[in-house]
Amino acid sequence: MTREGARKRRTPSLSRLATRAGAGRAPGTVVASPDASQSTIRIIRYDAERFEEIQIERLDDKALERHPGQVLWVDMTGLGDIDGIEMLGRAFGLHRLALEDVVNVHQRPKTEDFGDYLFIVARMLLRDRHDSEQLALFLGDGFLLTFQQRHGDCFEPVRERLRHNKGRIRAAGADYLAYTLIDKLIDEYYPLLEGYGERLEALEDELIERPHGRQVDMLHAMKRELMGIRRVIWPMREMVNSLVRDESALVGAPARLYLRDCYDHTIQLMDIVETYRETASSLLDVYLSSMSTRMNEIMKVLTIISTIFIPLSFITGLYGMNFDRQASPWNMPELGWVFGYPMALTLMVVLGASLLFWFRHRGWIGRRDR
Amino acid sequence: MTREGARKRRTPSLSRLATRAGAGRAPGTVVASPDASQSTIRIIRYDAERFEEIQIERLDDKALERHPGQVLWVDMTGLGDIDGIEMLGRAFGLHRLALEDVVNVHQRPKTEDFGDYLFIVARMLLRDRHDSEQLALFLGDGFLLTFQQRHGDCFEPVRERLRHNKGRIRAAGADYLAYTLIDKLIDEYYPLLEGYGERLEALEDELIERPHGRQVDMLHAMKRELMGIRRVIWPMREMVNSLVRDESALVGAPARLYLRDCYDHTIQLMDIVETYRETASSLLDVYLSSMSTRMNEIMKVLTIISTIFIPLSFITGLYGMNFDRQASPWNMPELGWVFGYPMALTLMVVLGASLLFWFRHRGWIGRRDR
Amino acid sequence: MTREGARKRRTPSLSRLATRAGAGRAPGTVVASPDASQSTIRIIRYDAERFEEIQIERLDDKALERHPGQVLWVDMTGLGDIDGIEMLGRAFGLHRLALEDVVNVHQRPKTEDFGDYLFIVARMLLRDRHDSEQLALFLGDGFLLTFQQRHGDCFEPVRERLRHNKGRIRAAGADYLAYTLIDKLIDEYYPLLEGYGERLEALEDELIERPHGRQVDMLHAMKRELMGIRRVIWPMREMVNSLVRDESALVGAPARLYLRDCYDHTIQLMDIVETYRETASSLLDVYLSSMSTRMNEIMKVLTIISTIFIPLSFITGLYGMNFDRQASPWNMPELGWVFGYPMALTLMVVLGASLLFWFRHRGWIGRRDR
Amino acid sequence: MTREGARKRRTPSLSRLATRAGAGRAPGTVVASPDASQSTIRIIRYDAERFEEIQIERLDDKALERHPGQVLWVDMTGLGDIDGIEMLGRAFGLHRLALEDVVNVHQRPKTEDFGDYLFIVARMLLRDRHDSEQLALFLGDGFLLTFQQRHGDCFEPVRERLRHNKGRIRAAGADYLAYTLIDKLIDEYYPLLEGYGERLEALEDELIERPHGRQVDMLHAMKRELMGIRRVIWPMREMVNSLVRDESALVGAPARLYLRDCYDHTIQLMDIVETYRETASSLLDVYLSSMSTRMNEIMKVLTIISTIFIPLSFITGLYGMNFDRQASPWNMPELGWVFGYPMALTLMVVLGASLLFWFRHRGWIGRRDR
Amino acid sequence: MTREGARKRRTPSLSRLATRAGAGRAPGTVVASPDASQSTIRIIRYDAERFEEIQIERLDDKALERHPGQVLWVDMTGLGDIDGIEMLGRAFGLHRLALEDVVNVHQRPKTEDFGDYLFIVARMLLRDRHDSEQLALFLGDGFLLTFQQRHGDCFEPVRERLRHNKGRIRAAGADYLAYTLIDKLIDEYYPLLEGYGERLEALEDELIERPHGRQVDMLHAMKRELMGIRRVIWPMREMVNSLVRDESALVGAPARLYLRDCYDHTIQLMDIVETYRETASSLLDVYLSSMSTRMNEIMKVLTIISTIFIPLSFITGLYGMNFDRQASPWNMPELGWVFGYPMALTLMVVLGASLLFWFRHRGWIGRRDR
């Protein structure tokens, strides 16, 4: 990853955090966000024996008909069709504030009990865009409405299980279906985090072998990204927890047992994110102390070389002076001595050796790893 | 932003925090603060069918008349008219301590239940002055009193909705009106924070391309400002929460539902502020480690150059000495050798090359990004 | 403030923290501390109509007589008169442990409910000594006993209000009097903190214009002092809170309302202290990063100068060597060339210019603020 | 420990944290993990008088027969035998989600109450691999099922006590057996932590005598490992606590008393881990400040040598210039003076001595420990 | 304190933390620890009128006889006599787990309610060994058993008060006696902490006058020791708190009042330890920033000297070159100029002065304290 790449990846998310589409409007106003995509609606109706699946562009009353004992799952993908959302709101008696939250796709995960139905907001991490997508669920008696912000989801295996009546899913109610979707969503976090784990391991190896500044930028970027993921998982955990703990009649005891398992997974995810963040911090500390060690080493080399040669150079300079030996016998008589030059050389060797010995004595040379 | 600008912007707020106008007086004394501006009073009276709006300078009993089934909204802007405030206090039976808090405009946001009415303090961030303004509300049965510290507010859209009977606002009670005002106020925080988000992104780009000290000063200033904003939003969150949770009969179930939505927004704002603060901290760390890398690099260049040339200069100094070759054959015979000079040059080249090789071996040269 | 001044101011408080006068004695032993000052007793007795104030040196039974419907306020200043304290203890049935806390003047602020009376410990910050003084209160049915560690207090305005029957103070009970005193005490914290705010602002300005080490020492000292203040305000907050929340019959509903206001002030004080501490930390970070930037700059100047002149000096050294040109044509023929000197000068200029160009290329010269 | 060793030890755990075997499957699917080892089953049946122990490869109904008043302990080691696990699930009426957690061996320690039985997950630290192994327990009325991930355990002393009827273990019920196993497991943490304590002490000694970079890497690695251990012990603590606090009828009062003791041990373990982590942090700080002191010392030596000899060398250079004394009397007349050379030498000595004196005055030389 | 001393003092405690004597044994096994000292038993029996004190080596039934209305205090010092402990266990019906905790002397302070008696573990700090000693108490109806790990205690004043019937101690019950002992123990912490306070003040003075590395080592060591003390006091606080709050019938209301006072002391101790730790941290920060300032100063001196003399030396080197002026008029004609040498000197003076001026302009020279 280049620096440029790092920058590009991070840039869009910061200021967009504080962008609220409906900020200027009256509360409860349901308006499509400018980048909302075309809606597609998939309606699934099932019980233990029957299964029916239709895909439509426009809703009508017939499509939303409910039969006792059957579960109706209306799954709208893409939130551009405001009329459809309004129609669903009327058909299932949904509160306008909840509908507003459906189209304003920057909600934190939460569970809200509206009496007749639960309004659940969950978020899916997007692997390639380091962003997250909103999934809104309305869980009522015998129905489940889901609103996905973007096309393409991870729920196909669930639909397959429904179609082929695998496991207990068809026999269970809408609460179990809601659990299955939330569980699937949370399962999707694992491979993403695994990717971070692998990158951290690779960085750790690199950092020990060849530390350089880019790794640090990457570690900082990774910490920021993990912080972002933490901010998504933390309220997911609370959302699942309130499904488990709050005594809503809409979630039956068996589904509650399954959701408890799901809650365990969110705790585990938090644990992993924390481990990764602390590992990244620890690696940054390793880098900083290796930088400091290296700096020390560089300064030591400079100091040793300078400290040995600066006095020696002074001596050569001394005997390079041009005092006029003819003018006076006091002027640099050493230059005329028979052993003047060898004595000067000897002086320099002795001085250099003494300094080397002193450095070794202070432990700056010759003991490894300092 | 220049340093001077940074200084000017921050300076006024610190010591003023601890300035309490009424500190020396008996509790419950209502005295105008010296910089209180002229009061204007706007009275709005409405129910689902009727709407009446008057703007006056001085209050009289007639203006405050209450009609069953109607909502009376008295909105005083500018807190210079102590008589008017006292008169409102008597007319609506308000506690003197609450009135004192109305004129001492440095209260933290809070909700206080006085039985017959709720006393609510909220704060509006001022975009251009990095300060906040106080809004005090008294919510009673059929009336809402609001006291704004300064002229100019963000409530015109609410008044428009009242005038033109848009949405459910005219049909709902005083509690819904209070909610609408608080919600509007909180909505105003978003664009302000978005501005911080944009400045952080710009700083991030600059910091990676051209790190310098001023960005650091700006990041520190931004952290301090975000800290200040956090200190406003945090009690706003508690204030809204206590409106939602406390079982006051003055807030009906439908308004409570809307306030819960409002509470979600305060949580989201806290989240955004935290994200920005952590991003600023992370960018400071990036800057510090880039400084440290740069320092290392500078030291390395200095050390390489010094370490190569200091020994070479020593050799030139050596053969620049003036020992008298006539006086003795031991004195610098090298100077008279036929290949003396080429040998000296060769020695220097070999020495320099060895040192370069050693530096490359230690990894100081030639591998990028160290 | 000089370093010496900083040292003197801080020194006394650390070890004295852990000095407990009564540590070796049996619990409940009331012994005057060695530095306790002479006691003065002021007795005030009032109701809405009557007011009586006497100042005595020695207590007698008559002075402590209680009349139904009247409030008796016994205010002892200076805790040297152990007999007087014991006599008060017997007259009002006070527990020995509470009396022990009265004379051991290093108690944390607290509220203790002894059934018939509340025992309250509060602390007053001393402006000029950076220390705090203890105020102990016993609030009972119709009486209030206060024990002040030192002479000189901030309660004169309260006594004036009592004397001249200003406000509701004479009409209210002992609980309101206790509230008034505590509120007065807390009000005294504001100007002290304001002083810190002003010093912080001054330091901020200085630090940006002329950073030096003394400011850092002052910031550290200020952080420690604010920490000390925080340790006083925090339990004050708890003390007031337990007066508000605990359902003692001795504190009536109206006084409770006033105490809630008082509690708001303690929260605000904590807020201010926290803001100041974080500002001090932030300024320290600003200082550190400015130091680091400055260090970088110094190193850069050194490196540029050295790196340019060291190779140039090598060249001058080279042509300063004394190889004997007569002895061999290989010995320094450059010295005899017609354009030898201009060529050497040119070489040096080119070399120096190249290095300058390289530094500019690396961004070390010519772009401001690096 | 070499760097390579450090790397090898840490690498496997990071990305594996986020690997979930069953992530893609329907909830409650029990599938053997790819590295599950061959299962062995040991069945122990006892009461105060009788004891029976069999070891089998395949389960049959007879082996699982329960007799009233007897405790049945089925201990499966190695989780490869899915059929056996399923059969146990049917025989004891275990929930599929719990069985799934048995084979997905990365669960956090927890206690889950399924009504008829408690499902307990505990983790054993592996001494030589710095990893942890899962132990799942089902505690029911008269039976205890344990599932160990790997072969080789620390329960042989418990089995010995059962076989030879030592202590009260045979007289007590399945709850006491479960307690004994958990207690044994927690006891195993002590020697492991003791090993860390010894390594920390050794590092501390080394660091004070010969600080170098490798110790820092080891301290960082140790902190990361302790963090990992903390992440295991923390939920163990919660697990034991919920056994103590939750009022399950399956855990009798006497066993609860023993578990409270066990809970104390987990708190003590947390305490030890925290102490070690803080000690490691403190040692890192000691290292960093010793590095900084050393750097200062190196810089001081360099500065002293340079600052003394650079001016002296300048003087030698000055009188090494070749201005033509014949051409003008202004050209370097000093060279012809009678005492020119001695004066130059004296100048140099005086200059050097003054600088030395100045350094000593500034406290850079001659006072130890700076 | 020398480094060696620092090392010795710290070493023993780290790995011993994780040493558990009874780790391998069955729960409830009471075995003397290898370094347990010889036991001495002192039995005191008293009520308001009578007092009896005997000191024995071996227990017998007669010594433990209980008389209604009397308090029996059995105080065993040194835990080597396992038979005696077992006998006491049987005589007073103590649980084996509690007895095990009595001999395993590394328990955290705690209060455990066993119904008929309370089991209390407290710890005494040892002044000269920086370690702590365990005191175990069993408080029952009319009896108190205490088990002290080592000989020599601080309870003699309590015994004196019992013997001479001073204060209310003889009239009160076993609960008051237990309170007296715990209170005495906690009082012993004050002088120890006062010693730390004095050392911190001394270090603070030294650090401002003559900062060096050893002070830093001492500050780090002190922080670690304070951390250790904090780990003892924190559970002491909880232990006393649970005596105050838990509604055990064994602690009467009057004793509870006294214990509340004791609880205040533990809070105060925590406060002092925290203040000292934060002061130590603050002093470390002061040291680090003074180091950094000093480094900056050193670098500045080096840079100023180098930067002034390196160009000057270049000029001297330039005119020390030996180009042959005879060979060409272009070769160093300056050397033959009449004012060549004075011009060269002037050039050097001007250059040096300019650089000095530039440094002063940048603020590197002449303003103090930079």
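Residue numbering begins at 1 within each chain, and the chains themselves are lettered A, B, C, D and E in the order written.
FYI, contacts are C-beta pairs under 8 Å (C-beta built on N, C-alpha and C of every residue); 3 or more make two chains touch, one makes a residue touch a chain.
Small disclaimer: the values here were computed from a predicted structure and weren't measured.
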Determine the centre-to-centre distance between subunit A and subunit C, using the mean Cα coordinates as centres, and give it in whole Å. 40
Geometric centre distance via CA averages, subunit C-subunit B, whole Å: 25
Where in subunit A do residues touch two or more of the other chains? 295, 299, 302, 306, 310, 313, 317, 320-322, 332
Are the chains arranged, by touching, as a line, ring, star, complete graph, or other? ring
Could you give the sequence of chains met when travelling the ring from subunit A by way of subunit D? A, D, E, C, B
Partner subunit C, residues of subunit B touching it in the complex: 3, 6-7, 10-11, 14-20, 23-24, 26-29, 95, 97, 100-101, 106-108, 110, 112, 114, 210-214, 216-217, 220, 223-224, 227-228, 231, 284, 287-288, 291, 294-295, 298-299, 301-302, 305-306, 309-310, 312-313, 316-317, 319-322, 325, 332, 334-342, 344
Please name which positions on subunit A make contact with subunit D in the complex. 157, 161, 166-169, 179-180, 183, 187, 190-191, 193-194, 196-198, 200-201, 204-205, 208, 257-258, 260-261, 264, 267-268, 271-272, 275-276, 278-279, 282, 285-286, 289-290, 292-293, 295-296, 299-300, 302-303, 306-307, 310-311, 313-314, 317-318, 320-324, 327-328, 330-332, 364, 367, 369-370
